[in-house]
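Note that subunit A is present in both complexes that follow, paired respectively with subunit B and with subunit C.
Here is the complex of A and B:
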């Protein structure tokens, strides 16, 4: 998974900076026949499982069968035969799963102009190819609120993989959300340098617990930080899917709800009024993609109401990174009355007040 | 002070997989069999350990034994390849890694072991000894395997250096033709060395899941087998030096998250590269120091064919 994510921030910048190609309306020939290819196991408990669950919901909503193939590595020699086999069998909507599929999908999209390609976490777009990702800072902001609500000490911890834009924005939003509930809350971040290493995640979570931190958030792939939180008798918040499945310590999770995006999108494709977007789709809670599973027992009804009210506000158009906003060094990052644009989000390399982390 | 105690108390747990892995590799390679399959043996041990705990609903020590056995079972394939069939040892080792990656992924998937948290093995509580300030948490509050590993190192040094069997094993790795002429069964010694090496590697892998992570996910070992291989080269096939290297890695791995958790602001990528910088530094230092003798076995990586002229 890390290979996919490592380049997201870079890719995001390129995405924002690249010049838009004109895209024409796409017309699907025949009945919709979607097929999904997944880069890892579909029951990985996180990212891929969320995609597979969305696939099953799309099947039900649209009344179609969506075949899926797992463990297709992120290189063109593996991706192309898998996709072409589906296309030979009549598939005309190909659903991807990884950043590493971006380039192969671009080539395939040009070779098969009558097939639509939709790829989460991708960076390439075209007439019949669109990448999509969720605005996870919205959901992690709400989880930050839940974390502060569950915390007694106001000292929150966060286990993250690597300090890229898309990780940094979750950390910043988490701290900003926490300060909505407790203005003195701090978020101490430990970067593990790996996406899928339970050994390092456990070490990070234990080190945080030793410092008197009583809620641990996360942006890594395994539920390990939540399990450690339970062992230590403290709380946590999850990522990817509702991690209360693994640990009763989990009070809130930032979850993927791709079906809320894919169902209307595929309906549009079938109806013939779908158009790809030059920078791909960057989905807010209102557009589907990301949301929260909230809240656990440690969050009071009053705080829960506050969280849900903020969720409504965000769905109504409130931007988490709205000005005036300074970073922790005091430099102004967003001017009063402005909001942070998407390019600056993907390139985020600064932290807000309340975040305690390495540089 | 509390920071120091927490840090030092966590070192053995981090150092142990490297230490046991390196010890297993040294025993195997002293017989002349190059073992690049370490990552594979760790993986199969890690998965078997997790699977055993989940299946039996506890019994972590039994699970660790199963981890070692599973790895030994896989090593039979490796031993047949490199010792009996005399396949290239580099390629066979890499094959084991790929085989183990696929096998562990498949078995864990079919058995539903992925992402299931379990209790695992906890640290010992030696009563009053564990309560001694400073020393108690560091020395007397480790898990059973840590103490066992210390014993294993003494045992290995004794067996390799001071017994006839150890001498024969080293002779087989140094000059199999001469050993054969002296009446030593080269094939048998190499088989046993590969098996013992795999048992220790499997135990190291099992430790990663049963004691440390208490969960199995795909590819859990995260390249630690390769670090063990590097450690052996860096220790020049000497057992105590390998232990020293493993402890050094353990110190750094236990330190990294703690430095971050107390909020010291140092560049993150610099911190993450420290284990490798330190490795480089020690390698440069050892090669510059006067004692440059290496214990690398003379016939390492060379298949033995009886009565063949070289």
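Here is the complex of A and C:
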């Protein structure tokens, strides 16, 4: 962990130093012409659709049309031509959609200094390139509360994609939220190893239901776990978008609200007072990256009030990973009075008490 | 009675099987197939509301004259040519290698292994990466090849299944030991400058295209000119007869399979060292099955493979342009790509058959 923290901060310093010289406000030449590149189908029901919905809201707010290209895989050979086609046709704000666009966007941003690039879930930043992501541990923490409120057994399940920082923090936050409502709650997590694999998600959700788990949370791209929950007569909580659209079992969803970030951000770019951030934008509920759609009818009014009060507290500055906090092995991860810094969040490879996992 | 004896004045078309057709006529049939496919596609585009004038002025002119676009097509074509050769050489030996994707993944794993462990001095790094990539590809085909030769286990099944094992092993590496220590994100660390294929100096072309060209020359010599190629032709036409006449069919099949694996591995090297500059989770997408399609359409001829690979690359880039220019849905792009491929495949009928009008 310490080694990781150190490499993170060393890399961060190097990054900061490399951008420091060039750090100037970005000035857009001509009228804003945004364009969006989506790595899968824009109506996938999850991640990409949330971005496409934000695109439509930005169109309305700013009175521009934003053309979109779908199914541009996370390969440099596919990304660069699509982006350059848009730029040749006058686009000057390129909106990405994937972690796998990071390197190609970095190269393109250096090649086209007059074009601004905004990429969700990216890892690269620069003078005219900014990655952004949401602090989903805040919303999943609140959905964990809803899950515990809906659960009778206190045994919660969670279907997750791959075990690394930004997934692990949703699992931990879910368990910590659940324990706010029920101090004995447990979260059994299954990693499917894939973001979009309905077959594995179904197998995982069914296995969880058979163990007597009565609420299934998720951090994968399809609504399958929610559909299985409905079939089994239990509850669930969703991710990406409000999944009650697909299943009445959904009691709460961690949703993306990218328009709340993109609209003011693009307005700033147009006005000429936008500046990129060396580590990208890491958006809380208050800043408009993530939020919750809550709650279903299995959550009592009293519990719902508790959840909304926590949401207010988080918007007011409460940090989910505040010390003293130990991992499930008993190692101290956050000291009393401190909060987990962003580098440690991205590198999170430990679980809190109450999380039961394969590894 | 009299009108029965009188022959009807209708003619008919006789189909005759043709043994051989000169190369220039075959090329003409191929081009006619492309033209027929384009004609149908244009009708579809016009029917969906794209103006014919706009189509010719912007689209056709753009695709064939913009240097940026020509280079995008060639960059895309490089790895496609190599996987096409890989499929072609295996199919020539009637070894149905469906596992190109897995061998591409293992090629990249071999190259990345050398890069991140700093194996060999700097000036030898790229050749070492290429060598390990070829070995990685061979490693991933040797088991299906031996299973086929020793136990008559169908290689279509085994090579296909090996793809899934390779992908899951790739995920294991990227979420485990090879995770980027700088960002804690699931891709390998970036290659050093001396671990990347140098640019050729025009647009975004790099050495990977040159590697593809060298491999084409090698495969042309090997498959068309050499004694090995002659025997391979024999095995392709009639394996039993070849064996009866003393050709060592098993040795030949094993050699062709290993060469196929090595070529796929080198494609993995060309993609990771030439295009992505690191190992990602998605660099191989689209290459496995494209390779099979390309070899099939080119009837395993190395020069034909070059032509078809460029056609497939053009279809990929043109598909993006159609979306960018006219905002037509991706499904329409796939429809158009399929129509062109079907027309080219159908042109094969006229190569194999002669049509004669009989009175």
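Definition applied: the second predicted complex is superposed on the first by the 337 of 359 C-alpha atoms of A that agree within 3 Å, B and C clash if a C-alpha of one lies under 4 Å from a C-alpha of the other, contacts with A are read in each partner's own complex, and residues count from 1 in each chain.
As a working rule, a contact is a pair of C-beta atoms (placed from the backbone, for glycine too) under 8 Å apart; a residue touches a chain by one contact, two chains touch by 3 or more.
Note that the coordinates shown come from a computational prediction; the quantities given were computed from them, not determined experimentally.
Chemist: Given the superposition on subunit A, are subunit B and subunit C in a clash or a fit?
Modeler: Here subunit B and subunit C cannot both sit on subunit A without a clash.
Chemist: Return first, second, both or neither, reflecting whether A:356 touches subunit B, subunit C, both chains, or no partner chain.
Modeler: It touches subunit B, and subunit C stays clear.
Chemist: Who does A:41 touch here: subunit B (first), subunit C (second), both, or neither?
Modeler: A:41 contacts both subunit B and subunit C.
Chemist: Where does A:52 make contact in the superposed view: on subunit B (first), on subunit C (second), on both, or on neither?
Modeler: Neither partner.
Chemist: So in the superposed three-chain picture, is A:82 touching just subunit B, just subunit C, both, or none of them (first/second/both/neither)?
Modeler: So A:82 only meets subunit C here.
Chemist: When the two structures are overlaid on chain A, which partner does A:163 contact: first (subunit B), second (subunit C), both, or neither?
Modeler: both
Chemist: Applying the touch criterion given at the start, work out whether A:224 contacts subunit B, subunit C, both or neither, answering first, second, both or neither.
Modeler: In the superposition, A:224 contacts subunit B only.
Chemist: Should A:193 be classified as contacting the first partner (subunit B), the second (subunit C), both, or neither?
Modeler: both
Chemist: What is the shared patch of subunit A, the residues that subunit B and subunit C both contact?
Modeler: Residues 41, 71, 163, 193 of subunit A touch both subunit B and subunit C.
Chemist: Taking the complex as given, what residues does subunit B use to touch subunit A?
Modeler: Where subunit B meets subunit A, its residues are 2, 6, 10, 14, 105, 109, 114-115, 117, 208, 212-215, 217-220, 222, 253-254, 256-268, 271-272.
Chemist: Can you list the residues on subunit A that touch subunit C in the complex?
Modeler: The touching residues are 4, 7-8, 11, 35, 41, 67-78, 80-82, 84-86, 88-89, 99-100, 103, 123, 162-165, 193, 346-347.
Chemist: Going by the contact rule at the top, pick out the subunit A residues touching subunit B in the complex.
Modeler: 40-41, 43-45, 71, 157, 163, 188-194, 196-200, 202-204, 206-208, 210-211, 213, 221-224, 227, 246-247, 356-359
Chemist: Hey, which residues of subunit C end up touching subunit A in the complex?
Modeler: 66, 68-69, 72, 75-76, 79, 168, 171, 175, 179, 181-187, 190, 204, 271, 275-278, 280-283, 285-286, 316-317, 320-321, 323-325, 327, 329-330
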